[in-house]
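Next up: the structures, one after another.
Next come two complexes built around subunit A: one with subunit B, the other with subunit C.
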Partner chain A sequence: MWIYFGRRLILAILVVVIAVTLLNAMLHLVPGDPAVMILGPRATPELIEAFRVRMGLDQPFHVQMATFFWRLLQGDMGTDVFTGRSVAAIVLEQLPFTLTLIAVSILWAAALGIPLGCFSAIRRNSLLDKVTGLLSVSVISIPAFVMALYALLIFAVELKWLPAIGAGEGFLDSLEHLILPAFTVGVSWVGYMARIVRASMLEVLGETHVRMARAFGLTERRIVFGYALPIAILPTVTLLGVGVAYLVSAAVFAEVIFARPGVGALIVEAVDSRNYPIVLGCVLVTTALFVLATLVSDLVNALLDPRARESL
Partner chain B sequence: MAGAASPPESAAEGSVLEVSGLSLDFGSPRGRIHALRNVSLSVPRGRIVGVVGESGCGKSSLAYAIMGLLAANGEVTDGRLLFEGRDLLKLDQRELRAIRGQRLSMVFQDPMTALNPVRRIGELMTDIQYRSGRSPAEMRRRATEMLERVGIPDAESRLAAYPHHFSGGMRQRICIAMALLVEPALLIADEPTTALDATLEVQIVHLLKNLQRELGCSVLFVSHHLGTVAELCDDVVVMYAGEVVESGPVREIFHRPSHPYTQALFACDPGRIKQATRNLPTIPGELPDLVEPPSGCIFKDRCPERFEPCDRLKPPAYAAGEGHRAACHLLSPCRPLGSGPAGEGAR
Partner chain C sequence: MSSEQQNQPVTGRLGALGRRTFLKAGATAGVVAATLPISQAIWAQSGKVLRARAYADLDALDPGFYQNAYNVDVMNCIYSKLVRYKSGREWDWELEAAEEIEQVDPTHIRFKLRPGIMFTGGYGEMTAEDVKFSFERVIEHDSPIKGDWGPLDHVEVTDKYSGVIVLKEPFQPLWSITLPYGAGHIVSKKAVTEAVADGGSFGMEPPAFSGPYVLKEWKPDQYVHLTRNPEWTGPEPGFDEIRIIPMDDDKTAEIAYEAGDIDYTGISLASLDQYKNDLPDETALEEYPSLYYVWLGQNLDNPELQDPNLRKAIQWAINVPQVLDAAYFGQAQPSTGIIAPGLVGHREASLIPPEGDPEKAREFLKQAGAEGKRLTLETLNASTWKTIAEVIQAQLAQIGLDVQINVQDSGSFWTMGMESEGERWKEIQLIVNRFSMVPDPYYATEWFTCEQVGIWNWERFCSEEFDRLHAEAVTVTDSAKRAAMYHRMQDLMEESGAYRFLTHEGSPVMWRETVVEPSHRPDGRPLYRHFKPV
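Let's turn to the complex of A and B:
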C-alpha cells in the first residue's frame, strides 16, 4: 500500500518535471524575445538586457530550469512579470472557477451518460439504444467549441434565457452562468460514457458469472446493478481519470468563449503576453490536477474491485 | 414460490425431468444450425444421469435449454421439457425464475469465471437464498455449513473472502455448495470437472456423489469424460451431433455398448486402452454439417458398419437390453419399441 503511494508520488513528480520542462522548451522555441514583447518595441537595449538578467533569461536553458525547480521546492512558483504578484496567488485565485466548471461538467455527464449506457446495454437494439447510439456519435463528433458558439448564440443571444458571459455572483447567479459552459464541456462526455458503459456492460452481461446469477433466479435488477455494473463501470472510472486532462483543455475554450474567469482564460492571456511565469504556474497546477485525478480514479477502481485493491 | 414448492407429482414417470422430442436451432450467418434434433431423455428421481458425447454434440446446449439460459441466437423449435410435471418451455420469465435457484440449479464448466469477482463468497451465498425468508444470520449459518460439507476449511472466516482468493478446485467446490444450498430437485452439472486437473476431478466427482446421496436430489451430469461418467452416474445418455444415439443404465452401456458410435468412443478412451501407445486412436471422419443434417442415420459417414438402410432411414431407438436402447439399424431384428430413444426405457 505505502509502496504503491511512494511509487505514485515519484511518478507524479516525474510527470510534472517532464511536462514543465517540455513546455519551457517550447516557450523558448517560439519566435520573439519575451523581453522585447513585454517591454515594447521602443525599449532601449540596456533596459532589455537588464530585464533579461532580472528574469534569468540570460542563463542557459538548463540553468533556468534548475532555478525554477529549486524555487518550486521552496514553494515559490515565481512572480508575475507585470504586477509582481506571486504566481501561486494568481493561479489559486482562478483555480476554483475552473474546478467548478470541470466538476459540474463531468458530474452531469456521468449522471446522464452512465444510466443511458446501462439501459442501452440492457435493452439492446431498442429505440432508446438506437437513439442514444446515434446521438452519442453526433455529440462526440461535433467539436466542442462549435457547440459552445451555437449554444451561446441560441440560448444567450437569441432566446436570452441564459447569461452569455462571466461567472456571476452569488450561488444562484453563478449556477445560471455555469449552465451553458458546463453543457458544452460535458455534452461530448455524455456520448463517450454512454458508449463505453454500454460496451463494457454488454461484455460483462455475457460473462459466465452473470449466467450463473440468472441460473440461481436472481432478479434482473439485482444482476444488472449488483453483479454487472460494479465491473462494467471500471473502464469508465479509468477514462474519467484521464479525461480530466482533456477537460482542462475543454475548459480553456469554454472560459474564452463565455468570458469566464479561470485557469484556462489565464493561460490564454499569459501566452498572449509571453508572461512565462504565469504560463508555467498554470501548467504546473493543471498537471498536478491530472496526476491527482488519475490517482483518484485508481483509488475508486480499487474501492470497487477487490483484485485491484489487493494489488495496490 | 407456491407453484414451484408443491409440484404436481408425476408419479407415472417417477422422474424429475422428462425431455421429449426437443429440437433446438442456433441462428448463424451460414443458416440455422440444427443443434439438437428430437432429443428425449428422462432423469428419474434421486438418480444421476450422465450425458456424454464429444465436443459440439449439443450436450451443453441441452443443459442450457433446460435452464432457459440459451444464448440469444438459440431457439427451441419443438419438444417438451417437463420438470416436476410442468413444461418449462411454456413458462414465462417470472415463473422460470421462481424455479431456477429453488427447484433447479446448475454448476458451470469453468469455476474461474462462474463466480462474480467483486462479491464476497458470503454475499454470493446469501444472495441466492433471497427468497427463503431466512434471517441474514441464518443464511450465513447455512452457507458456512454447506461450505464445510464441500470441504472448504475454516469456512466461517472464508465467507469474507473473494473468489480470486481460491484455487480452481476450491471455487468449483463453492459452486457446488451454492448449487446444493438451494436444495434443488434437479442439479445440472455442465462438465464441472473439465477445467480441473485429474486429481481434483476425482475429488469433485466423489464429493458430488456423496452429497447427492445425502441430499437425495437428481443430477444431470454433462461430460465428455467416460471414466467420470462410469464412476458417478446411474444412467447414461450418449449423444452424437445433436441426437441421442444410445441410452441406458451405466452398467449396460459400459459392458455392452450397442451403437457403433458408443463403441468407437470407448475404443478411443485413453483410460480403456491397455497397451501403451504414442498415438491415441481417433474416430475417422468429421462431424456432419448441422446446417443441413444428412438424411438417414446421423453417424453413417463415420460408421464402420454402414449398410444399406443407413442412407435411407433414420434408425429408431431399438431395445438393446434391460432399459437399454440404441438408434442403430444393426439392432433392427430386435423388436422396435416406439420412436423415443430413451423415453420410459431409461428407467
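Let's turn to the complex of A and C:
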C-alpha cells in the first residue's frame, strides 16, 4: 500500500510539473505584456523595461520556469505583478471559496444522485425510473452557465429568495450565498451519478452473489445496501475523482457569473491581464487539486474493493 | 426626448417581496433571521450602509502611483486634495483641502491649506510640506502618471499652510485633470516615508488617511469597506459604511441590483432601453455623457491602405447611426471626434456626416481601383465591439470590400499596435478601438502624436501641424483659442483618412432612491464622498 502510495505521489508531482509548464508555455505563446497592462498607457519605455527586469519577464521561458520551481521548493510562489502581494497569499485566500463550492456541489449531488440511481435500478422501468432518466439527461445536457443564469433570474431576481452575487460574510450569510452557485455547479452531477449508479446497480443486481443472497431469503434492503451498493458505487468514486477537474471548470463559470471570489475567477482575470505569477500559482493549485482528487479516489476504491487492494 | 428630459431621473414603482421579507415569512428563515448578525440587519434597514458596484477591483491606493479611475473613486473618499470636481452636469472645480488657490501667473499657482485637516494614525495636521512631498514624489520616482503633472518643477513652501506650485512652463490641464483628480491627492510625508523609506509607492496599504472615510477592509475580488474617519473634522459624510463590490460584467451588476444585493450601479447601454421602460422597484435612473471615444482606425503604414481614396471609401461607407443602433441598441450618439461634448475642443460636427454616403464611397473605391479588395478588421472580444465590427464588415461589403474580422482577447489586443511587442503592428489594417479619457482635451490628443506612433498611435498617423498644436494648446489659457486648436487637430486626423469617429458611448447609472441620493461628475462617475442616505 505504501509503495503504491509513494509511486502515485511521484507520478502526481510529475504530472503537476508537466501540466504547469505546458499551460504556462501556452500562455506565453499568446501575445500580451503584463508590464504594459500594469503600468498603463503613460509609462515610459524605460519604466516598462525596468518593470520587466524586476519581474524576471525579460528572461527566456525556461529560465522563468526553472526560477518558479526553484522558488516553489523554498515555499515561495512568487509575487503578484499588480498588487505586489504574495501569490501564495492571494491563491490561498481564494482557494477556500472554490473548495467549499466544489465540496458542497459534489456532496449535494451525491446525496441526491446516488439514492436516485439506486431506486431507479431497484424499480426499473417504473415511473420514478423514467422521470429520473429524463431529468438526468436534461440536467446533464444543460451547460452550467445557462443553469446559473436561469437560477439567478428565477431565485434571485424574480423570487428574491436568494442573494445573487458575492460570497457573503459570516456563516449563515455565506451559506445563503452558496446555495445558487452550488446548485448550478452540482445539478448536472446529480444526473451523472444517478445514471452511473443505476447502470452499475443493474449490473451488480444480476450477478451470482446477489442471486445467491436472494435465494438465502435475505431482505431486499440488506441485498441492495449490504451487497450491491458497495460494489456498484466503485465507478462513482472513480468518477468523482475525475469529476473534480470538471467541477473546477464549472466553478469558473459560477464564480464569474455569481461574482464570487475563488481560484476560477482569479485565473480568468489573471489570464486576461497576462499576470503570469498568478496564472502559475492558480494552475499549480488546481492541477495539484485534480491529482490529489484522483489519488484519493483510487485509495478509496482500494479501501472499498478488496480486489483493487490486492492488485496494488 | 429633449436633453432636459433625458437628464431627469426616471423613477421606478414600489412594492415587491424582498429577500429578507421572504425569509421572515418562512419557518426556516425565521431561525436564520434570528441568528443574523445584529449589526448587519440594522445597517441594512437603516440605510447607513451603501452597497455600490465598481467595475473592477482595486489595485493601487497610492495617488502617486495608480492607473485606473476605480482606484480614484476610493481615493476621493480617503484622502483630500486642494480642489475637487464639482458634482453636476458641467465640468468645474471647487475648493476641498485648500482655503484659497489662485494662478498667480502662467507658471505659478499659490495655495493655502484649510487648517485642521488631520491625518489618521497620529500623523498630525496636513501642511504645505505634505503637499510638496505628495506632488514632487510623482516626478522624483518616475511614476507612470507623471504626465499628469506635466512640467511641474517644484513646490515652494512659504509657511505651514501655504505654498506655490511652480511649473517649468504653462500647463492648462493642471486645473482639469491633475489638481482635482487622482494625482492631486495629498498624503502624509511622515507616514509615507515611515512606510516606504524612499517615499515610493505604498501600493494597497495607505499608511494614513485624510478624507471623511478610512479604508476599513479590502478583500481582493470581494469588497472594499470604507467607514467614517473618526478624526475627520470636515462636514460629516453621509454613510456609516460604504461597501464597494467589484463586478466587471454589467449584466451581473444589473442582476445583483435587481436581486437587491447592491443599491447603486452603472448599467450597460444595451439594457438602458429596457430599464427606461420597466424600472426595478424604488429605483432612479440617470444618463450621463461619457468621455470614452470609440473609432474605426486604419493603419496608414499598412501596404494595403496606402491609397487615400481607399481610406476615404472606408470612411464614407460607414453609417455610424446604423452601427450604434446595432451595438448600443440606439442608446449612444455619434461622435464628432475624440473630444466629448462639454469639453473644450469638442467639434460640433465631423467632416464626414455620421450617415456617410455609400455612393460617394463607391466612387472613391473605384478611383482607388480596389473593388473586391480583402482587408482585416481587428477587434476586442467584447460583444459590443464585435457587433461594431460586424456591422462595419456588412457596410464595407455593400461597397465591395471583403473584410475578415479578427477577434482578440484583451491581453493580446491591447499590445497589438506596439512596436515593442513584435511585428504584429504591421498586420493591423482596420481596427475598432476605444480609449478612456479624463476631462481635458490634452489627454485625448496626446495619443495621436508622432512620438506615439508604434506605442498607442496604432493608425501611425503623424502630422507636424498636429504635434505643434498639441504642444501649444496646453499653454493657452483662452478657452476659445484653445478650442479652435483642438478642432483643427481633429480635422487633421479625419482628413488623413485614418479615422472614422463612432461614439462617446454613455454612462447610465441607477440607484435605489430609498437608500441613497448619489452625486456624480458630469461624466457619471460616482463621487461617493458626497453620497447621502435617504
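Convention: the second predicted complex is superposed on the first by the 311 of 312 C-alpha atoms of A that agree within 3 Å, B and C clash if a C-alpha of one lies under 4 Å from a C-alpha of the other, contacts with A are read in each partner's own complex, and residues count from 1 in each chain.
Assume a contact is a pair of C-beta atoms (placed from the backbone, for glycine too) under 8 Å apart; a residue touches a chain by one contact, two chains touch by 3 or more.
Every value quoted in this text rests on a predicted model; they were computed, and no experiment measured them.
Of the two partner chains, subunit B is the only one touched by A:D305; subunit C is not. By the touch criterion stated above, A:G217 is placed in contact with subunit B alone, subunit C being left untouched. When the shared chain is aligned, no partner comes close enough to touch A:H62: not subunit B, not subunit C. Annotation for subunit A, partner touching more residues between subunit B and subunit C: C.
In the superposition on chain A, contact of A:I231 is made with subunit B only, not with subunit C. In the superposition on chain A, A:E207 makes contact with subunit B only, not with subunit C.
By the touch criterion stated above, subunit B contacts subunit A in their complex at residues 67, 69, 97-102, 105-106, 108, 110, 113-119, 127-128, 130-131, 162, 164, 175, 178, 182. Touching subunit C in their complex are the following residues of subunit A: 30-33, 36-48, 82-85, 90, 93-94, 152-153, 156-157, 159-167, 169-170, 172-173, 176, 256-259, 261, 265-266, 269, 271-274. Across the complex, subunit C meets subunit A through its residues 16-19, 22-23, 32, 35-37, 40, 59-60, 67-68, 142, 144-148, 203-204, 219-223, 245-247, 249, 252, 255-256, 258-262, 409-412, 414-416, 418, 420-422, 424, 447, 456. Those residues of subunit A whose C-beta lies close enough to touch subunit B in the complex are 207-219, 222, 226-227, 230-231, 304-307.
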